[in-house]
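Some structures are shown below for you to check.
Look for subunit A in each of the two complexes below; its partner is subunit B in the first and subunit C in the second.
And then the complex of A and B:
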C-alpha cells in the first residue's frame, strides 16, 4: 500500500473531522447542565442522563426500535435467500422485472411510502400497529438484505454443489449442508445492514407510527418539535455508546470488515 | 458388453452443436481421456455422464443400465472438478467423509475409510485442516480422496491438474496413474493437455467440433494419426509431400533434403531446429547425446525413414502445434 502524501493527509483529516464533529458535539452537549442547547460550556452534569428515566416512552421506543429492526430484517433476509438464489444463478423469464421490483423501494422517496402506507394500513385496520410497522420496514430494508445475499449467491461456485450432488446428497441436503452455510456471511451482513436502515428510519415511520408504537427516532423527532432542552442529545449519546459497544463486540467476534463487506468463509 | 457405453450422444445448445453423435465404449478398469481444444465438447460429454447436462440425443449405459434415467445423486460417480470444489466450511476429514455420510455408512467404518483414503493420497496428517490452509496440490489430493472414498463405479476427472504448476503437475500425473492402478477404478479424464492425456491413459479420444476424430491407445494415435487434426494436436508435425513426419524422426544426413539451419534452440535433453528448405521450414528435434551438432547458418541435409532422401524435393510445410 502506498503512503499518503501531505495533501492526502490533510484531506482525510478534514473529511474525518467533518464526519465525526456532529457526533462529538452531540456527546458534549449531553453533559451540559443548562436547560437549552449550549456549546461550548465549562460546566458538566449528568442531569440529562438522569432525565431519561423520567421519560419511559423513550426507553420503550428504544426497545421497540430494536425489535422492529431485528424482526423486519430477519423476515427480509428470509425472503432474500430464495430470491437471491433464483436471481443470482438462473436465467428465467421475468428475472430482470423481479430484481427491479425487489430493488424498487430504494428509488421511491420514503415520504411517499409513508403517506401510501398510512392510507393503506388505515384501510386494512393496521394503522398505527406494530404489525404495520414491521410490514412497512420489511419493504424498505429488503433491497439492502437482498443486495448482500445476492452478492454471496453469485459468488458461489456451482461445482461445489455439483460435488455434493455427485456424492449422493439430495437437493434438501445440498441446501442445508452446503449452500446455506456458504452464503451465511452474506446473510449476516445483509441482516446487519437492513437492521441499521430500519433502526435509522424516520421519514416514513413518522407517518405510520401512532402514540404507543413510536420508534426511537420518531420519538426524538416529535420531542424536539416541542422542546429545546438537551434531552435528545443524552438519548443520542446513549445510542452512540450502545452502537460503539456493539461494533466492538462484533469486531472481536466476527470481524467488522467481513460483516459489512460480506466476504465468504474461505476469503474469496 | 462394455462397462460404460456412450451411444450416439449429442448435445445442442440452441443452434450450436456441442457434442455430435459421440459413440464410445469403455472397459472396466480402463483409463480413457477425452482430449481436445476448448469448445470441442469434452467437458459437456463429462457433464452428461455426471448428469449435470441433459443430452439432446443418444444414450449412456453403465453395465447395460440406462444411466440417463438415474438422478445425478444416484449415479454413484466420483468427480474431481477443475476448481477442486472442496467444501470450504468443512475440514479435510469432513470433506472426504461427506459421501460416506450420504450413503449412511456408520461412523466407525466412515472414519476408518476416510483415514485409509487420505493415506492413499498421502494426506494422512492433514485431516483437521481446512481447504484454505492447504496448497493447490494438497487440495487436489483431497478432491481425489473425496471422489475415491465412495468407491465410485467411474471416476470422472475434469481438467484436474490444470491449476497446478508444471513440476507439480508432472508429479501428480505419476501419482494419479499409480493410484488409479491401485484402486482399479474405471476413469475418464477430460483434458486439453496432450502430454497429460498420453501419459495417463490406456486410450485417448481426440475430439474436435463435438466429434471423436480418433479413438485409440496414445502411442497409436501419435504414430498413426487418423486425421491431420489429430497429427497436429498430438505434438509437432511436419507435413512433407502429403505425409506427416514427426520432428524427432528426422535426422541430419550427408545427402537428402537440402536446407540451411535458421534457428537452433538448446532445450537440455534435446536440440530444437528450424531448417529452411526448398519448400519451407522443417522442424527437427535431435536428442542431446553430447555429439557436435550443426550450428545456425550451416548447410545440412535432412533424411527420415520411409522416404528415400533423394526423392524429397516437393513442397514442404512445417506446422507446430502444442496442446497449449
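And then the complex of A and C:
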C-alpha cells in the first residue's frame, strides 16, 4: 500500500477538523462560566452542568429517552429475530417485497412518518402518549435491528443444527440451545444500534410527542428554537459523552465498520 | 414446511401493516380532505390542497429551495468525502481504524447537538468562523451564515458527510490493489492511476452515496429548522408548521406526500440509471 503524500495529509487534517469542530465547540462552550455565549475563553467552570439539575424537564426527558430507546429496541429485536430467520434461511415468494417493506422506514422521510403517526395515533386516542412513542420508535429502529440479526442468521452454520437434531434434540431445544445462542451477537449489536437511533431521533418524534412525553432531543430542539444559551450546550455535551461512550463500547465489541458497512477493517 | 417463513415473519408483517401501511394510506387520503379555520378537517374528496401546492408560487419556491439545498449538499459531500475516503483507505492500521471512527462516529451523535455546534460557530456577525476568516484576511466583512441557505448547506454537508465516506469506503474495499500496481508497472503516473483506474471503479460507490445523501438532505428537518430559522422554509419545516402551528393538516399532508413521491421517483430513477450504467462492470 502506497503512502499518502503531504498534500493528502494536509487535506486529511482539514477534513477531520471540519468533522470535529462543531462537536468540540459544543463541549467547550458547555464549560464556560459566563451567563451568555462566550467563546473562546480561558476560564472554565461546571456551572452549566449543575444548572441542568434546576431544569426538571431535561432530566425527565433524558430518562424518558433512555426507557423509550431500551424498550422499543428490545421489542424491535423480538420482531426481527423470527423475520430474520425467515428471510435469511428460506427462499419463498414475496421475500424481496417483504424485506423492502421492513427496510422502508429508512427510505421514507421521517417527516412523513411523523405526520402519518400523528394522524393515526390521534384517531386511536394514543396521541401524545408514551405507548404511541414506543410503537412509532419500534417501526423506525426495526430496520437496524433486522439488518444485524439478518447478517448473523445468514452466516449461521446449519451443520451444527443438523448435528444437534441427529443427536436427538427436539425443535425447541435446537432453537433454544443452538440457534438463538449463535445469533446472539447480532441480536445484541442490533439492539445497541437500534437504541442509539431511537435515542437520537428528533424529526419523527417532534410530531407525536406532547409536553408531558417529550424525549431529550425533542426538548433540546424546542429549547434551541427559542434561544441558544450555555445550558443547552451542557445538555448536548452530556448527550455527546453518552453517545461516544456507547460508540467506543460498540466498536470494541463488534467493530464500528462491521456495524455500518457490514465488513471489518482488517479482513473478515 | 412451505408455510414456515410466512409464519415466522407474520408478527412483523402484522405490525408493519397496522402501523406503517395504514397510517401512510390515511395520510394520502388526508391530503384530499378539506380544511377551514373554524370547521376543522372535513372528510371530503377534493383537490383543493393539491391545486394550491402546484399553483401557488410560494410552494414552488419552497420546493425549489429544498432541492437546491439537497443538490449542493450532495455535490460538496461527493467532492470532499470521496478524496477523504481514498486517503483513509491508504492509511496504516491503527490510524485507519481510529480516523474511520472519528469520521463515521458523528453519524450516531444527535443531529440536534451537531447542528447546535454549527449555530455556535456561525453565531451572527461575531461567530467563530467569521472571526477566523477575517483574521486570515480571506474576507473583509462578516459573511451571513445563520438564517441563510449557505449556512444550511454547510451544516447539512457536515451532518450527512459520513454517509458519503461510508459508501465510497465500501467501494474502495472491493478494489484489487494489484490493478493499481499493474498500472504503475506499465508506466502510469499517480494522477493517471487515480483518474483511469481508481475513479471509474469507485464511481458506483460515489453515486450510491450521492443518492442517500440527496434523499436525506431533501427531507432533513432539524438542521434547516435551527440554521434556517422560521423564514427559510424547506418542505419538511413547512409541513411541520402546517401541522403544529397553522393546524391545516390536509395542506401539510399534501406537502409531505409530494415530498415522499418526488423523493421515491428520484431515488428509484437514479438507482436504475446507476445499475444500468454499471451493469457491465459489476454484472
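Going forward, the second predicted complex is superposed on the first by the 225 of 268 C-alpha atoms of A that agree within 3 Å, B and C clash if a C-alpha of one lies under 4 Å from a C-alpha of the other, contacts with A are read in each partner's own complex, and residues count from 1 in each chain.
Quick note on the criterion: contacts are C-beta pairs under 8 Å (C-beta built on N, C-alpha and C of every residue); 3 or more make two chains touch, one makes a residue touch a chain.
Just so it is clear, the model here is predicted, and its values are computed rather than measured.
Enquirer: Touching A:181, do we find subunit B (first), subunit C (second), both, or neither?
Expert: It touches subunit B, and subunit C stays clear.
Enquirer: Look at A:159 in the shared chain and tell me whether it touches subunit B only, subunit C only, both, or neither; answer first, second, both or neither.
Expert: First partner only.
Enquirer: Which partner, once the models are overlaid, touches more of subunit A's residues, subunit C or subunit B?
Expert: C
Enquirer: Of the two partner chains, subunit B (first) and subunit C (second), which one does A:167 touch, if any: first, second, both, or neither?
Expert: It touches subunit B, and subunit C stays clear.
Enquirer: For A:42, using the defined touch cut-off, is the partner it touches subunit B, subunit C, both, or neither? Pick first, second, both or neither.
Expert: Touch partners of A:42: none, neither subunit B nor subunit C.
Enquirer: Have a look at where A:226 lands relative to subunit B and subunit C in the superposition and call it first, second, both or neither.
Expert: In the superposition, A:226 contacts neither subunit B nor subunit C.
Enquirer: What part of subunit A is shared between its subunit B contacts and its subunit C contacts?
Expert: 265-266
Enquirer: In the complex formed with subunit B, which residues of subunit A make contact?
Expert: Touch residues, subunit A against subunit B: 157, 159-160, 162-170, 173, 177-178, 181-182, 264-267.
Enquirer: Inside the complex, what are the residues of subunit C that reach subunit A?
Expert: 2, 4-6, 8-9, 11-13, 15-16, 19-20, 22-24, 26-27, 30, 80, 83-84, 87-88, 90-93, 96-97, 99-121, 123, 128, 155, 158, 161, 166, 169-170, 173, 177, 215, 218-222, 225-226, 235-236, 239-240, 243-244, 249, 252-253, 256-257, 259-260, 263-264, 267
Enquirer: Residue numbers of subunit A touching subunit C in their complex, please.
Expert: 1-4, 8-9, 11-12, 15-16, 18-26, 29, 37, 39-40, 79-80, 82-83, 85-87, 90, 92, 95, 98, 101-102, 104-105, 107-113, 115-120, 123, 135-136, 138-139, 142, 196-197, 199-200, 202-203, 206-207, 217, 220-221, 224-225, 228, 232-233, 236, 239-240, 243-244, 246-247, 251, 256-257, 260-261, 263, 265-266
Enquirer: In the complex of these two chains, what residues of subunit B are touching subunit A?
Expert: Listed in rising order, the residues of subunit B that touch subunit A are 50-52, 72-79, 81-83, 85-89, 98-99, 102-103, 130-132, 143, 146-147, 150.
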